[in-house]
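For reference, the structure discussed in these notes is given below.
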Amino acid sequence: MFSQATKTVLIVERLIQEEVLDLIEQGGAKGYTLVPGAGQGEHGRRRASRAAVVKDFSIVRIEFIMADKNKAKAIAEKVADTYFEQYPGIVYISDVEVIRADKF
Amino acid sequence: MFSQATKTVLIVERLIQEEVLDLIEQGGAKGYTLVPGAGQGEHGRRRASRAAVVKDFSIVRIEFIMADKNKAKAIAEKVADTYFEQYPGIVYISDVEVIRADKF
Amino acid sequence: MFSQATKTVLIVERLIQEEVLDLIEQGGAKGYTLVPGAGQGEHGRRRASRAAVVKDFSIVRIEFIMADKNKAKAIAEKVADTYFEQYPGIVYISDVEVIRADKF
Amino acid sequence: MFLEVFTLDLLAEFGASFLSQLQSPTLAFLIGGMLLAALGSKLTVPDAIYQFIIFVLLMRIGLHGGMEIKDADLTALALPALMASLTGIICVVVGWLTLARLPGVKFDDAIATSGLFGAVSASTLAAALVVMEQESVSYEAWAPALYPFMDIPALVLAIVLASMAMQKAKGGDRKKVGVWKIIKDSLRGSALSALLLGIAIGLFAEPGRVYEEFYNPLFRGFLSILLLIMGMEAYSRLAELRGVAHWFAVYALLAPIVHGLIGFGLGYVAHLLVGFSQGGVVILAIIAASNSDISGPPTLRAGIPSANPASFIGSSTSIGTPIAIAVCIPLFIALGNAVFP
Amino acid sequence: MFLEVFTLDLLAEFGASFLSQLQSPTLAFLIGGMLLAALGSKLTVPDAIYQFIIFVLLMRIGLHGGMEIKDADLTALALPALMASLTGIICVVVGWLTLARLPGVKFDDAIATSGLFGAVSASTLAAALVVMEQESVSYEAWAPALYPFMDIPALVLAIVLASMAMQKAKGGDRKKVGVWKIIKDSLRGSALSALLLGIAIGLFAEPGRVYEEFYNPLFRGFLSILLLIMGMEAYSRLAELRGVAHWFAVYALLAPIVHGLIGFGLGYVAHLLVGFSQGGVVILAIIAASNSDISGPPTLRAGIPSANPASFIGSSTSIGTPIAIAVCIPLFIALGNAVFP
Amino acid sequence: MFLEVFTLDLLAEFGASFLSQLQSPTLAFLIGGMLLAALGSKLTVPDAIYQFIIFVLLMRIGLHGGMEIKDADLTALALPALMASLTGIICVVVGWLTLARLPGVKFDDAIATSGLFGAVSASTLAAALVVMEQESVSYEAWAPALYPFMDIPALVLAIVLASMAMQKAKGGDRKKVGVWKIIKDSLRGSALSALLLGIAIGLFAEPGRVYEEFYNPLFRGFLSILLLIMGMEAYSRLAELRGVAHWFAVYALLAPIVHGLIGFGLGYVAHLLVGFSQGGVVILAIIAASNSDISGPPTLRAGIPSANPASFIGSSTSIGTPIAIAVCIPLFIALGNAVFP
């Protein structure tokens, strides 16, 4: 019942969220899940719950599962190339097992 | 100090959250963690931060760690069988290493 | 373009969040991401969205990626040793592949 | 000839009432919300605020009702409550006989949609009360409490119809529909809970001061923001409608008016029989015209899981609610003024 | 004979006051919240709203106090403040001598619980002020500022007792308790911060208008919602109590009344010595009867990590707070009326 | 000699106005917020409340403006609007000629900072309106609507300058800057959207009652909380400034005053030419002195991605905003009183 798939996680600022989601869809992913958060990295700390005077600089964690690892890698690379020179963010992938492989 | 365990992630609508959590407990998991979110899939897009006029249709991401992979798979299959024909949602599992194996 | 790295996930109460983040930084991680949540474990259930009369007892899920697995394990062990005897929480690690390895 | 004059009168009255409504902030905020969404504004009302607004509005309506009915003759409520239930049931039956039989329309989607349009919207009710107060149309203090009497039968009937159809299709053993569970689910929804809590506190305690100092002054303002949200929702869910048969859009356009007329008619019967007031009849018509936006969708989703939410939520949020607020509120107030002496 | 008449008088007074309290929305909302939770309602107040309500209530109390004490003689505060501290300390000692010695009760859990019940609840204080205003019991403007003088010593003492016990158990080198850290933690908590900020702004600026237009009008309404939340919390945490020794429930039932009497007594001494007002004594009694719900729990959790939060939070939220609000507020107002001429 | 008297007068006036401002809650809340953050208080205002406050404040300003300009002569707006745009442009040019040329200052960071300080802060505008009302300085109802006329040109110019410089550096083919996209982005931001929505509803509907009952009464109170947030933000972003060239701090100290004087001067020209009122000139000066805190940062971030947000956000939030509110509001009101007869 379980089959191999690839999970990709993208952590980016809300500012570029819509554009990143577009890249994910264009890259062939059939879905994604997004949770709001906070974080710290090279570009400084971002808080979660406090009044975010600048909403667009808070963090979202986007994950999507794809059956085809190469397609997933291609999306990850595309996002990294397009944005990560100038905008904060990270991306990583890992192997997972899914039920209903045709969904991904 | 580290030992093998299985992480299962379930992404479902808040509408069936309580029932899914019950299945997780009945399946023998000793705990779970839940974060609210948003997402897109076959059944359309769901937003996060905006006024969710219909609260129950927003997404939750539930993860639970179990030492016994077979039990984890059984829960995942049970949830998929019970709900994923009619309700939106996905499930995947992956291997992790935990500290304090007896906790899981 | 992809290289190996280790993802560590810490799920703890907000009460000790700042101290845990300090340990992560001291351990050499260059960043982390944090999402607020809810959960259940040995120490009882914690809800997410409802008025959290005691804010500090809600749950945060902290993840950080490091290129060096041993350093990651050291942080995980340090947190577990320092807090998990008396405070609720879990930690697990898993392998991931990252782009831009020098960032981690 | 008499009818003609009457119709002209009604049209004139409606025209005037509608024009003044356009000036009224109620409608302006609804349209404003649509415009903002259409123009891609980033303005959003946080979910926490939305929940709070619903709570305060329904508490206000409930407290007011509860305090007023303390010394009301509640037997007078019986017949209007019956009429409200009848209206809810007839509306769903109408949908079952029309929408569900149209080509290209999935049966379950149609029944779920009928259930939603048979049920009641708390926001539309709140908007109606503000406009009626403005136009000094008075009503029985308990009239807003007719809400659950219409809401619950409509939801229950829709779910029962859908599951009967499924059993027929599948044959096999009859799975019982948990009617009581549906009723409980409805009453436990956040909007009805707040309404009932307000009524109870109004009845049994003395909340006059907190009502005057807090709940009442916030009513108009919070309603304006709620309408803004409704407008934004209406626009941004339009897209969902695209994937759905066009009949849903047609239904969503007409059902509020037809349902409102059914409610008005049955309310008028109650007027003739037990003297149900003009304002009461108008409220009955408007809640009939409204469609459930808070507790209806999850109840129907849980009860008819095979129905596609895009069909019922899209059509109600994007078309049904704006029609109910922008057209039906002025229409039935005008109708009341025309019909009642 | 005199005592008997006095007691009867007090009982009659208390009965009347209690009955009127049941009518008062304060209690109605608390009970309403319990009922909602018990009936499984989905109504919830979002966390953001809860935080905001606490902020506005405490700012309102602080601003009012700050503006009033501008020209007050603050030396009069000294003795009542001392009495407040004494009350906090005695309450913890009482718990240490009773609850902590009972069979089946873990020492650390008992001390943490005593600390919580020795400390002060901002919500109960707010509710008391509204009821007292209603019943026209007047008090020194600075009386609400007694809060930290009772709250902090209680928390500090509990943590010190727990860590002394642990050192004794473990033997070995004495780890110093950071008393100053506990004080800082308490003062930095969101409730006390807002109270102190309000006092400071009331003292040094001229916030009269924003107080009159915003903070004061929202007071009653926000309090009603806070009590609703408290009621919901009380019910939903009852389950937690089950896993804990029954003595915690008994303690939570009695401690508010006993602590209130201690506070009342010491307040009365201050009345005799420096003329502390009737209302001031009542406030002292009620905050003594209350138990900390915002900053206390995390402070105790951090300070006594070995204590099981279910014991101290369950008993305070589910039993202590309802008793303090529903029983102790009318009780000590009635006692004040009976004792003072 | 005359100048001397004038300066003394102005200083005296400013001194008095400043002292009374220190008493005014406006400033007290700002300073209170800083103190809370500095002392490590856990008090925070939830994000949802912050969003709601911004919405209500801007709607209030917009509704008021919209209702008042219904029968105003809008041609009178033309010249002040031009002056506002000119001010925005000149302010950015000043930054380009000074800050951007200083040693150790990255060009892109400097231009982004200049854009932010050339643009407008809704919060500062709201604070200014409250203080002006208090001191009975009257202005044209449409004066707050000058906001976008200054805000947008400043942001557009900064982004154009930065991208021209980048093209020069890189050589190669000229990538066109999407000016229209920047304008749309600005107008779609939550603050400007709410302001424009309020103006539209004020103009086309009759929101008088909801304005009087809801938006206006909340204005002062919500502003007090917004200032508290601003104060907390100012303190907690100070740390970010450390990694950045000191020139940014110097610029952030001086720019508000210089920009305010530019705005005052150009406003005064409009006064001489078309009779722009004293209050209008003061508003122009104060919005010139302010720096954008809501829509500016993301617009600049998207438009000048190479700029380090710590430089522009740190300096504006931590230094620019406090200076604008605490120094520039009283300064330019006093200047107005001194200069106008």
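As written, the chain order gives the labels A, B, C, D, E and F, with residue 1 at the start of each chain.
As a working rule, a contact is a pair of C-beta atoms (placed from the backbone, for glycine too) under 8 Å apart; a residue touches a chain by one contact, two chains touch by 3 or more.
Note that the structure is a prediction, hence the values are computed from the model and not measured.
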Furthest chain, CA centroid comparison against chain A: E
Furthest chain, CA centroid comparison against chain F: B
A-B or A-F, whichever has more C-beta pairs in contact: A-B
When chain B is superposed on chain C by its C-alpha atoms, the rotation angle in degrees, nearest 5: 120
Chain copies touching (chain D, chain E) - same or different residues, decided at half shared: different
CA centroid of chain C to CA centroid of chain D, Å: 47
Geometric centre distance via CA averages, chain E-chain C, whole Å: 35
Inter-centroid spacing, chain F versus chain C (mean Cα positions, whole Å): 40
Multi-partner residues of chain D (each touching 2 or more other chains): 44-49, 51, 190, 217-218
Residue numbers of chain C (touch at least two other chains): 35-36, 49, 94
Touching pairs - complete list by chain label: A-B, A-C, A-F, B-C, B-D, C-E, D-E, D-F, E-F
Residue ranges of chain E touching chain C (in the complex, touch as defined): 44-47, 49-51, 190, 229-230, 233, 240, 293-294, 297-298, 301-302, 305-306, 309-310, 313, 317
For the chain A and chain B complex, residues of the former touching the latter: 1-2, 5, 7, 21, 30-36, 65, 94-100, 103-104
Partner chain E, residues of chain D touching it in the complex: 46-49, 51-52, 55, 184, 188-190, 193-194, 197, 200-201, 204-207, 209-210, 213-215, 217-218
Chain B - residues contacting chain D, complex: 15, 43-44, 49-57, 86-87
Chain C - residues contacting chain B, complex: 9, 11, 35-42, 48-49, 59, 61, 73, 76-77, 80, 84, 90-94
